[in-house]
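For reference, the structures are reproduced in the following blocks.
Each of the next two complexes has subunit A plus one more chain, namely subunit B in the first and subunit C in the second.
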Partner chain A sequence: MRLAVASGKGGTGKTTVAVNLALALRQKNLTLLDCDVEEPNAHLFLKPVFYFTKEVGIPVPRIDFARCTFCGRCSEVCAFNALAVLKDQVLVFEELCHGCGSCAYFCPERAISEHERPIGILERGNAGNIKFGHGRLNPGEAMSPPLINEVKKMCRPGLITIIDAPPGTSCPVVSAVSDCDYCILVTEPTSFGLHDLDLVSRMVKKMGVQAGVVINRSDLGDDRVEDYCRDKGLPVLQKIPFDRELAEYQARGEPIVKHRPSWHDYFEKMFYRIAEKCEGVSR
Partner chain B sequence: MKTVTVISGKGGTGKTSLMASFASLLATRSVLVDGDVDAANLSLITGADMLESHDFTASKVAVTDLEKCDSCGLCLKLCRFGAIANDYRIDPVACEGCALCAFACPQEAIEMRDKVSGHWFVSRTNYGTLVHASLGITEGNSGKLVTIVRNKGRELAETTGKEFLLIDGPPGIGCPVIAALSGVDAALVVAEPTVSGIHDLKRILSLCHHFGVMPAVCINRYDLCVEQAKVIEKYCLDGGLLVAGKIPFDRAFIESLAQGIPVTEFNKESLVEKIESVWNNFNKLLV
Partner chain C sequence: MKIAICAQGEGLNAKTDRRFGRSPYFVLVDPDHETVLESIRNENADAPGGAGPQSAQLLSEHDVGAVITGNVGPKAKQALQAAGIVIYTGVQDTVGDTIKEFMKGVLKPLSGATVPGHSGIQKGQWR
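For the complex of A and B:
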């Protein structure tokens, strides 16, 4: 079963939910994957011991000038303007390349090979019983989906995988949430939270992924998020009130289930509620 | 005219609330840009009377003509984005728009079509003109859309003789953030005093460094963990970075948001002073 934790708006508590849910279910041989590769944070709370590190890249063209006839076909087929062919030179703009392979495929002289240009790091580790993986995108890199997809290769069929997604509703989130059986949408009861919940709930609907909502800092705002959930038939899985003491634990990187054992049960119950909804569809 | 971007790395640290406050303090001396095209929230505070609306059509998507397709399977083999299903229909969400399949198809059964992947707007607000956008859900190319709103904002600020272009940046460090930081005079990084906040602050600062953008730091909700706030202050001091100010946790932010007004208009003098001082300190970087 693959369970994503997403939110349109940033900073609503995705990582808090993902980490505490994983800790509440730690006996279940599960995997937590932090797919917010731009700003990965889950490791700060789980403190995994890493045993594997790998550089992840995307394939970019390399021109063999002994064969190149400067015919210009590569630049013609490149949809991203990553190649410019001059009279006796080919310029490759690697940061524009999406790694689609068109140029190499169509080069009539077979003068283009591909090599990996690193975009980030993949790390795997263990946090107690929890298998952990995340990616770190190199600062300056624009494209995160290839790294997210690499992190997601750690999903193990038949076992529970919790995926901490990046904020937003565009391509990195789609990469993180695709192929999941369920998506927990974390929001806050403000106009920002409501606006962005609407976006992300439309996103999961478009992707055909079932969803439920966790309302974080549930007492700091108004009722419009709950009204929205009722209207749209989105189950409210959990409400987490603002608690200054918990905020401080959280600030120090201490998961809340460690300090509030009752939350252990709440998260466990939430999981069983979700598992029931996923029955028969889980992969 | 000076261009500044408010960014954070980590989401939800208070970028938009601060941005709206600055817009209010500067009265109508600025043009505003909401650079978070994924989840644009600035207009929820500033309001927006739409003056212009434009389609955003930066990308193309492959479409199979199943009549012409003879199921040879070449496209399926070549596509690196998993966008082609076994029945040769193409998933428009997964399609990267690279056109490899369209060029390669021996039957010429695949066509690349323009797609509208969002909209961008010019609106009037009480605080000046706002350029904002909404990227279609599940769409890519957010960096290009950010570039469009940023450039339009710059053009409007220049032609109307404004002093500032204020850009509300998206979270993260990826493509839309890079676009929001391009060509700016300085960035105000809003950080929160948590281990996550500090981790993400360091990454966004290294991005600023990578692109030669001068940053200053504002610590928001600093009193939620004074100990971590001190860690940030020390980090900035050691790195020679300006801490433009510290803002306490205050329910006035939530209450003003519920009313749809900048917190600086919420009749809370002590808070207004703090936000004003953040802007004034930051502004020194711009002179």
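For the complex of A and C:
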């Protein structure tokens, strides 16, 4: 079963939910994948021991000018405007290239070969019996989906994988949430929280992924998020009230289930609720 | 020499556009005779990214020798320079006014990018 934890904006407690859920279920031979590759932070709480590191890149074109006739075909087929064919040269804008391979495929002169442009690092490790994987995108890099997809290769069929998705509603989130059986949406009971929840829940619905909501700092706002969930038929899976002591544990990089055994049960129960909803669609 | 002027419409009376890659039209003029050769629509104006280099390619295909615009980003500048197209900033109100100004010799060719790179519609940095 693949379970994504997403949120319409950063700072809602998405990683808190992913990490504590993983710890509550740690007897289950599960995998936690931090796909927030721009700002991975789940490892700060789980403190995994890494055993595998690899550089991830995307294949970008290199032009052989001895063969190129400057016909312009490559620039025509590139959907991302990464190639400009001029009178006597072809410019490759590598940072725009998605590595789709179309240009090399369509070049009539076979003048295009590919080389890897590094975009980030993939790391795998173990945190107790939790299998852990994450990606670190290179600073300033915009092309995160290929790295996210690489991290997701650690998903193992039949076993539970929890995916900490990047915040927001753009391509990287789609990469992280696609193929998941369920998506936990973490939000706050404020008007910003509601706005972002609306965006992300519509996106997840469009992707055909079931979703439920966790309301964090549930006592510091109003009822509009809950009303919204009732309206849209989104189950509220959990309400986490604000707790200064827990916030302090968090700030020190300590997961809350370690300090509050009751939370262990809450997260476990939430998991069984989700598992019930996913029955029959598990992979 | 053919000169391209970034414009919002066609012909000598068209208002100019200060952007390069996202300029809706390029009016190609023969400055010696102050005549319009052609007005070309810029299909790249709405591209999510890479509009600058694609527009440079378009001008290169039309054998343009110089372009007059308001601003160019770093990628557009790189492509224009690679294509041997001289960049002038300082468009006036209309295409016609801009040609007059150009003929006075007061516009200076550019050496650096005038605006930082953008990433089109999507949020993020492409540098």
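One rule holds in what follows: the second predicted complex is superposed on the first by the 283 of 283 C-alpha atoms of A that agree within 3 Å, B and C clash if a C-alpha of one lies under 4 Å from a C-alpha of the other, contacts with A are read in each partner's own complex, and residues count from 1 in each chain.
What we mean here is this: a contact is a pair of C-beta atoms (placed from the backbone, for glycine too) under 8 Å apart; a residue touches a chain by one contact, two chains touch by 3 or more.
Just so it is clear, the structure is predicted and the values come from calculations on it, not from any experiment.
Enquirer: With the two structures laid over each other on chain A, which partner does A:96 touch: subunit B (first), subunit C (second), both, or neither?
Expert: Once the two structures are laid over each other on A, A:96 reaches subunit C alone.
Enquirer: Please tell me which partner, subunit B or subunit C, touches more residues of subunit A.
Expert: With both complexes superposed on chain A, more residues of subunit A are touched by B.
Enquirer: Applying the touch criterion given at the start, work out whether A:12 contacts subunit B, subunit C, both or neither, answering first, second, both or neither.
Expert: Only subunit B; A:12 stays clear of subunit C.
Enquirer: Is A:192 touching anything from subunit B or subunit C once the two structures are fitted on A? First, second, both or neither.
Expert: The first partner, subunit B, only.
Enquirer: Tell me which partner A:75 touches in the superposition: subunit B (first), subunit C (second), both or neither.
Expert: Touch partner of A:75: subunit C, not subunit B.
Enquirer: By the touch definition at the top of the document, which applies to A:167: first (subunit B), second (subunit C), both, or neither?
Expert: After superposition on chain A, A:167 lies in contact with subunit B alone.
Enquirer: May I ask you to decide whether A:222 touches subunit B, subunit C, both, or neither, giving the answer as first, second, both or neither?
Expert: In the superposition, A:222 touches subunit B alone.
Enquirer: Scan A:142 for contacts with subunit B and subunit C and give back first, second, both or neither.
Expert: Both partners, subunit B and subunit C.
Enquirer: Could you look at A:87 and tell me whether it touches subunit B, subunit C, both or neither (first, second, both, neither)?
Expert: second
Enquirer: Do subunit B and subunit C touch any of the same residues on subunit A, and if so, which?
Expert: The overlap between the subunit B and subunit C interfaces on subunit A comprises residues 80, 140, 142, 170.
Enquirer: Per the contact definition, I'd like the list of subunit A residues that touch subunit C in the complex.
Expert: Touch list, subunit A to subunit C: 72, 75, 80-82, 84-87, 89, 91, 93, 95-96, 140, 142, 170.
Enquirer: Show which residues of subunit C lie in contact with subunit A when the two form their complex.
Expert: Result: residues 44, 47, 49-51, 53-54, 56-57, 60-61, 75, 78-79, 82-84, 119, 122-127 of subunit C touch subunit A.
Enquirer: Could you list, by residue number, the parts of subunit A that touch subunit B in their complex?
Expert: For subunit A paired with subunit B, touching residues are 8-12, 15, 36, 38-39, 41, 44-45, 77, 79-80, 98-102, 105-106, 137, 139-144, 166-172, 174, 178, 188, 190-192, 195-196, 199-200, 202-203, 206-207, 220-222, 244, 247-248, 250-253.
Enquirer: Would you pull the subunit B residues touching subunit A in the complex into a rising list?
Expert: Counting only subunit B, the residues touching subunit A are 8-13, 16, 38-39, 41, 44, 60, 78, 80-81, 93-94, 96-100, 103-104, 135, 137-140, 142-143, 170-175, 177-178, 192-197, 199-200, 203, 206-207, 210-211, 224-225, 227-228, 251, 254, 257-258, 260.
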